[in-house]
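Accompanying notes for the structure given below.
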């Protein structure tokens, strides 16, 4: 029989949801290992980076890389795996477009550190200790990865073969992609896999009533009417500007789409696309009126780039 | 016998940039837009007594007839009633332009001595006392310009005294005279008119 | 920043503002040359993506001009434009881009003079704000392994 | 009780004292308080502009700055002061460069002016704030069949006046309220010659003549004025007009406040202080 | 990469004197894809165009960029040039380096740099151009004419004479406009009624013209070729089908003292009335506000005396509305004469016998308040038998050429003042006529000659704007008269001139409601409030809105000859369109990229023309090209880029943007 397929999975700057999502395939993982050896999956089995370093280049057939590039470790392992694998898949929203970690790009690193390690209400840190790259312990020097000021996508540090968005990708899509990998039936390099190429509205069953937006609500402020387009109800839903493939699950839960699959169709900036659509829908005939209605659209940047900050045209806040 | 010279204005003798001097008056550029309609002259209660009515003064300014304008009695005839200004279809602040011309004339010692003298004394009174004691004004003015004429005013003076319109006593000075002088000095330092 | 010459991109609707800008020329109004227009049929066509793209790729300011509300040649295309305007400005501010770098102005086909004034005013504002240099500053704010090792 | 900052100006302290006394009495009668502006300086009138423009704004800005501290409207009974102060107010808004200089000058005197002071004419305050009706109610001795030529003069109505710049009406409304009869006086806002009376007297006299002739033609018993200079030219110099033109005008000239005092039945009207003696009708009212 | 040709125009010295053209050409030839770059003194001239055609053939150009004037000026010209050389006209892009580069700065270096950036943008953009075909839409063979003044009547008659249906809408009870009030017309002095009335009647009786008098256009929808127009007919309370116009009701109506609008209140009319004797249509209407029956519930006399039984008190006071379909619209909504009431120093409204020009017209008119006798008021009333004036003042430029009112010149005042001067001389022997002018503007055919004639007729011309008109008599001969105070600027002296009548030649202003009508029609106004023509010289009667034309004073003050000429010109343009039967529409419409459209329907309510609907079967948006006007608003809003606009595709605009920002 032919040599078994060699798979690797890695977890960079992300919540770990993607790893769990993979396990979602359940018993089918047994079918998987019939045809594929998992040669690197630190989250699940005890592999060492040195094991990978020891591998010949291109040794791993496919690496599913989840998580954004937030620190020097993320980047160096990304480079290492790129070298050791044939096919690199950016797996999940963080790897594809920055994801939740990339919201950090709206702030300066120092202020984030201060908030996280000293200022936050729940923190007790009288010494004001904060992570430092180099640290001396009795056993000697230990090195911590350096945190980057700007969170980036996997494709910003190494060439990526396939993009599989989703926070996390659905188990259905994961299984489909794994099957494609095993069958060697992957689309041309550079494609998005495990998703559609239209917008979430394509899969959303809610009805449109062609009404204009009089005022905005945040999801927790009202109980939206079932079955009616949330955007028309004044809840910022990013479905129309977001790539399909999730089967509109959030909307089935009566919650707006947060846009985790990234921009739809030909749009090059998911946030701008959303603002353009939403802005066009409000019932205003003067700038003043528009301002008044949009006042309730809180934190536009954090809303429309919740998952896509690293993927956006502007990428981060830069103070003049 | 005197040779007869033609009454022609030779361009070389004109001062075309006189116009720019007027621009120092706030809003002075509007003078460019004058259409010579004569509303100002027709409105002016004093124009019948002027060497040149306001409209022609503007024309002369634009023609660069600097000396003629500054030496004319026109600018001193303006009583600042603003009638020309509120009626001017070109929105020219004519009264202010007359003030501007007065200032240039005073600076260069041109034009009606009597009028400029009056203004000078007035200003001097203020600069010294902060207020303008009318008795002092009248007194200094006529003493300076026409001592003889002063006598001819005796009847009026007496009338005023008998009607209790003229008191005696020294001119009073305002308390903040130094403050006022400081303000004046500051502006003078700026060297603007 | 006196020597700094801002680059400003203007998106002009063809019916009012582009015609107005032409009128400024026909009547020989003078304004500074830092602005380069892109003609669209209606200000409603202007996609916020273009505005972000302009800022990212080197524009220091973006001006959008359309017909006065109520006078839109396409009835109410400019209502969509003004609906997008405030929220885009607010988002720019969140990215640290001064909202005045992006302006929406109404210029009718008869307001050549106004167009000239709007342009000069915009140039003054942006010149005062200084260059944006988005790409360079973004690169400078991005760390790499090299930085980490050093 | 209405309270205002009060800017008498130089004339009311000298040649126009009857104007001030009647003004203050009438104010009292109408429950209006005029608080004299502390240590005010001369407004600069028309003469100062002829020498220094920025300066004349600076010195009148000093008055405005002092008034601003008090936070009250600034009332000037003299039209020249009224205009001088209003003009500075307007110009400081209209011309930023001028404002910069004036601010600098004020600072040198330890003052600052924010531009919040409203400059009002005494007549404006009585007719607009107190109101025609209140004035009518206060009348004790109506000016029955007294024909009054309301002479607003120029600087009270131009260019920043509160009344119509061409055909002012406020004085006529006041006259009517006092029980008198306003005569149609087409020259109501025509200039009296102002300070020309000193510098170019023949011109001023000629201007006054037109006014007096018109008033006489309209059978006015009295000309009512709102400005010390108008008053001086028409009253004090009426004799000179007659001398110069061989006319024989004898039209009494009174301040509008004197007319009010008369109609209110107050003790001091000061009308007797005027040069031209009261006409029979007027004398009658004063006696009765 | 397609083969691109760049052609830079000097436009004589218009561009060449500021932009260093050779430098631009050299720069262009270095741009990616550019295989040929050239310059020409006048690119739009025949040789210039021939140069482009040749280059296309010789160099096998697949894209063309012309850097010259505004695309609004010559885009069509050069598209045609490309077509003639076998290149689709939309593979062409214009770079405007005149109106928005060379004409707006004197800084040659900067201008040249800017021109390069503009050219580079065009070159980048044109790469992504695709061939497009101009579409056509049919034209409904009918024209709407708004306004029944002389311009509107002329336009209506011209259009109708071709056998085309015309709807002529007039908001007054009669057509005729201001001209119907005139006595004589300058400079020929022929009787206004004699030349206008026949046209009015002709219009009313013309089989192809429907006159909607006492009506207003309240809504216009649709677009060039097929406008839907809602016309509101105000209530007349008289059935004009039945009414024979016998006039019996007019005699019997007891309400006699209602000031006539037509005569500016100088005459009275009844509650049931026609505005003037020759009114067209010559059918009365009832003025509800003054009618005994409507106000007091009694009378009904008109009903009793009407043999035709035409009186109908039960008409809906709100009137009624009808909708008509037309292919194009001619706006001739006219002007109004300014009321100089706020110029108190001129005595209008204060002194008797001070009139506006148009009021004086009625004084000269045989059917006016004085039966054509120019006489002073008696007891404050204008009527015949009054004392004839010994002297009259004609005052020019009232509210015109006056920054406090209207900066513009009203163009007709000089001439009608001269006309009045003549009429006074004719009607009132021995009357002195003083004509006060700033500049005598006699620009028309035979006008200067007319002025010359009046000079011979001993009119006293005084160059100077009247400062004031007063009744303050100060000098002998002034008692009981009005005195005009003016500087005779030529003599250089102030003059006081006693007169008995003053005519204020007041300005022509945009008509009442002009702004509102402009909005109904989506038409532009210039800052003075008059309607904006598409080009002051080359397109004086068309507007920015295709299929909408302007004529007469609604576009700016003008005299009768010009108004009539414009009416005819507008008619010609309207007819040309109708005769052709179709109009070309730009192919720059929106279209849907099916694979990308998810049917989110955000675009659908955005389209003001309802050109987008959802294909339910395929659950996708569909744009109907015939309805799409090509504004691109839906494209800008589409969150997935599934909507694109031909000629304004995202890729094209972004390429243009890159071109601009790449320039250094």
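Think of it as A, B, C, D and E in the order they're written, each chain with its own count starting at 1.
We adopt the following convention: a contact is a pair of C-beta atoms (placed from the backbone, for glycine too) under 8 Å apart; a residue touches a chain by one contact, two chains touch by 3 or more.
What you are looking at is a predicted structure, and each value in this text was computed from that prediction instead of being measured.
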{"item": "Minimum number of chain-to-chain touching steps separating chain B from chain C", "value": "2"}
{"item": "Of B-D and C-E, pair with higher C-beta contact tally", "value": "B-D"}
{"item": "Maximum centroid distance from chain C, chain identifier (CA atoms)", "value": "D"}
{"item": "Geometric centre distance via CA averages, chain D-chain B, whole Å", "value": "22"}
{"item": "Between chain E and chain D, distance of the C-alpha-averaged centres to the nearest whole Å", "value": "50"}
{"item": "Whole-Å gap separating chain A and chain B, where each centre is the average of the chain's CA atoms", "value": "80"}
{"item": "Centre-to-centre distance between chain C and chain A (centres being mean Cα positions), rounded to whole Å", "value": "32"}
{"item": "Multi-partner residues of chain A (at least 2 other chains)", "value": "267, 273, 276, 279-281"}
{"item": "Residue numbers of chain B (touch at least two other chains)", "value": "none"}
{"item": "Junction residues of chain D - those touching two or more other chains", "value": "166, 210"}
{"item": "Interchain contacts, given as pairs of chains that touch", "value": "A-C, A-E, B-D, B-E, C-E, D-E"}
{"item": "Complex contact set, residues of chain E against chain C", "value": "70-73, 96, 98-101, 103-107, 110-111, 113-114, 117-118, 121, 518-519, 522, 524-527, 532, 544-545, 588, 606, 608, 629-633, 635-637, 645, 648, 650, 653-654, 656-658, 660-661"}
{"item": "Complex contact set, residues of chain B against chain D", "value": "25-27, 45-46, 49, 73, 76-77, 79-83, 85-86, 99-100, 102-103, 106, 112, 114-116, 118-120, 122-123, 125-126, 130-135, 138, 141, 156, 159-160, 163-167, 174-176, 179-180, 182-188, 190, 192-193"}
{"item": "Chain B-facing residues of chain D, complex", "value": "10-11, 13-18, 39-42, 44-55, 58-59, 62, 91, 94-95, 98, 101-102, 104-111, 154-155, 158-159, 165-166, 189-191, 193-196, 198-200, 202-204, 206-207, 210, 236-237, 240, 273-275"}
{"item": "Chain A - residues contacting chain E, complex", "value": "197-202, 208, 210-212, 231, 239-241, 244, 263-267, 273-274, 276-277, 279-281"}
{"item": "Touching residues on chain C, where the partner in the complex is chain E", "value": "7, 9, 14-16, 18-19, 21-22, 24-26, 28-33, 36-42, 44-47, 49-50, 53-54, 57-59, 70-77, 80, 108-111, 116"}
